[in-house]
């Protein structure tokens, strides 16, 4: 469990230049998720068009892992269907709980495969999941908002 | 088949408990106080030592290597407990003992009570399943009502039915799974069904049940189940409250501080999900590790084996004690729906009832450890019309030879205080 | 005289802590997380093992030989604790941790609170000295008020005076004796005098003070003092609430069950005298024994020696860390009225603040254990305008070489995340 | 610590034939003391005439030690001044907490010296003190009742 397994170049790059960061309009749902033991927070917005995730924007405070993971997540889910995004979330969550025994599919998870090493640091799994779980909540809220509109 | 009933090699088991080889004065120790607290095998003690010496750190909040090891050990113990009782890990709350678990239940459920609501417990309860409810009833104006017992020492369900004990006003029912005095195994599942029929929450005090592998929360019917580590080969300083997840998720916090929070602000705080919401401050980390090792030990022998052994020794003890002149067993005299706690009174040939302190003391002078008193069940003793009793209680390491020593000892006690027979 | 200040033979002390010789990957462990939990000497671990293996029984209620031995050990530990803090044995309540002790204080004192009453705490408190008061304020309608801090990280007594923070409505004041984040030693005696002048009860959270021998309850001025075993070389699963006897005697019970009673009846119960009134259920027996052994160990080295060593290492660390580029120490930067918890932020050469998780993780890869987060003091971090910090904390076994490793490690961390310097 | 040190003949004799047992009138104060861990109880009455203890009567449930000790106590204090009785109580209490390292004065403590062995059984010290502590409370109450009358 070397620290290099954890801090891969991809992660550090996303951390230094977070994609899709900054809050944008319009959005159907906004949520705040917190990591209770350190106070890290992400405020995240989701905009859907029917079944499609048209935008994810956020403002976050946190460690390199949580920030990079949110950045990678936004890259991945924007433009996908909600169903596909949730399926990616499921894959990512599984990878995080695998303790490193997981063969990530690079075609599906793209940059997110860089987080496979995080799974070997149980204390940091929460960090990697912060943005994803915020997205899950926000997307669910946005979906029911859409349904309400119909 | 008889092989299973005869059980395992008790001598081999006893070799794991160095304390059982102690001498008390000139006599070998005969430890018959396991319902009070059990002895601990070397394996449990070693697991605790190893944790303190080589994997010690705080949990959750400590994220470095030692912290991860400690957290994995602590959460691993939670999983072992969950598996042992057939629950899931996020339903297992670590407390300091069964008493705290019951207070946690009473306080959090109590936040929903109003004057006129009723809480039902029984006269055979341990004080730890009485006083928390008295305190919460006082605070909320709810009424505390009681199951009575039959002459045989079983819950009087017929009387309860006739009285409408469990009714629309009932919000909570809390009953021991096994009595720590009478040994009675109570019909929790049946009572839970009645409680649920009126929308009440069912709590089981399983402090005397879980150590004997008698509890599967998936089928028991209770919504909350309390037990304690030190009676099941584990350390002191740890207990468990298991709860149905959706019930736990609906309950307010109990104690505040440490990692039970989500966000703490000057203006107010929000709280973590179960089980963490209910674990304030640094938890009993090494104690969880020890309890996990105790569960490993029980599983390695096999809970069925343990139960079979205990049943056999209980049957032997009931028969053997019945032959001691002047001895009266409280509670069921047959080993049916009955745990291994056997309480009794002893009367001498010249008809003097020997006080349990004196029974205890004279047996102790022969190395035999029993408990004398009301065993934290004063209302039960009052109901039985006595102040105190003596109690011998068995566990997986108890031998028939120890029961023989007890019976001989009791004859000696009766002779000492009464006319020589 | 310099001899005393230089202290004792740290290498000899470290030999008592086998865990300190562990390797973390390729690196020797550098344990700088003692404010979170301390390591345990072999002597403490052995005392616990010996108790479990050879003197294990329940206390008070078990009167046989083993029971007497266990009771003597448990009550003997109570005396050791009392002596260590300058109190008397019937003023020492064993709890499961400092958090329970503070909840005990909040709940029992809370029974006297009414809407309009005020409770005063400070922004630098640990959550365990915040959330219990928030919960009790919510329940009673009392108002929670806060000491602010100065820029140097000390309680702002001037502002408090100007605001009339402590006034006729104040019923309770509860403040940390030593901050677990800033290391600040707070003027408890002075604040207690102000609290007493308006008839309020003074509570001190001494979790970070007692381990360093800094507390004498006879002169401290506080009425209730909470601390925890695992931060002072003792086991997890035990804490202490010390209280002035007459105050304790006037407080209602907290948790119910077990030996905290006088008489339990169907119609209601009466309660035991302090300290037993506040100890529900089987207490942390082996943990008390372990805490007693920890106190023996501290006494054997001498608390003055410990304090002198810690002061020296703290001074060294403050100097050494001040020289790490981009490092900012939170709280007092001089070793005056200051404990050995040193929290800081770290900024790289290209001006990126390295997140405490990342600091922690990179140090861990070099075997150095520090804590990153808000250290259960989120309001303090909010007050400081940051989300989290890194904390190195020292104890009697810490060496200057470990501080050097930390400083080198922090340079490496800053380089890793920022431009190479 | 043999059991014979504990159960001396004097103790067993008092236990089998308790002196001054049974509740009597008149009395100025009545108290109930309980041993919480076993439920043993003594209901005890004290009658004073000025400074003199003129009667102590009681009803008790308990073990041989608590019953015998109450019997011996009643023998000892009846007819003595309250001050003398309290001084005997102090001696007896000291003896009980001596762990057996106490040389009792037989002239003063009479039959109560038989309890020196109890001090070696800490769990039973409470038993031996039950009646004595009830007497202490009752005598104090009777004294203030007397003062009230004056």
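To keep things simple, chains are lettered A, B, C and D as they appear, and every chain counts its residues starting from 1.
As a convention for this text, contacts are C-beta pairs under 8 Å (C-beta built on N, C-alpha and C of every residue); 3 or more make two chains touch, one makes a residue touch a chain.
This is a predicted model, so every value here is computed, not measured.
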item	value
Other chains in touch with both subunit B and subunit C	A, D
Geometric centre distance via CA averages, subunit D-subunit B, whole Å	37
Centre-to-centre distance between subunit D and subunit A (centres being mean Cα positions), rounded to whole Å	76
Distance between chain centroids, defined by C-alpha means - subunit C, subunit D (Å)	45
Subunit C, residues touching no fewer than two other chains	25, 61, 63, 67, 259, 261, 263, 357, 361, 364, 372-373, 378
Shared-contact residues (touching 2 or more other chains) in subunit D	37, 39, 121, 124
Contact pairs between chains, per stated definition	A-B, A-C, B-C, B-D, C-D
Complex contacts: residues of subunit D adjacent to subunit C	34, 36-37, 39, 121-124
Parts of subunit C lying in touch with subunit B, wherever the complex brings them together	18-19, 22, 24-25, 29, 31, 33, 36-37, 39-40, 42, 44-45, 48-49, 52-58, 61-67, 95-100, 102-103, 106, 123, 126-132, 134-135, 138, 146, 228, 230, 235-239, 253, 255-261, 263-266, 268-269, 280-287, 357, 360-361, 363-364, 367-373, 375-376, 378-379, 382
For the subunit B and subunit A complex, residues of the former touching the latter	60-61, 63, 67-68, 71-72, 259, 261-263, 272
Subunit A - residues contacting subunit C, complex	1-3, 6-7, 12, 16, 37-41, 61-66, 121, 124, 127
Partner subunit A, residues of subunit C touching it in the complex	25, 352, 355-358, 361-362, 364-365, 372-374, 378, 381, 387-388, 416-417
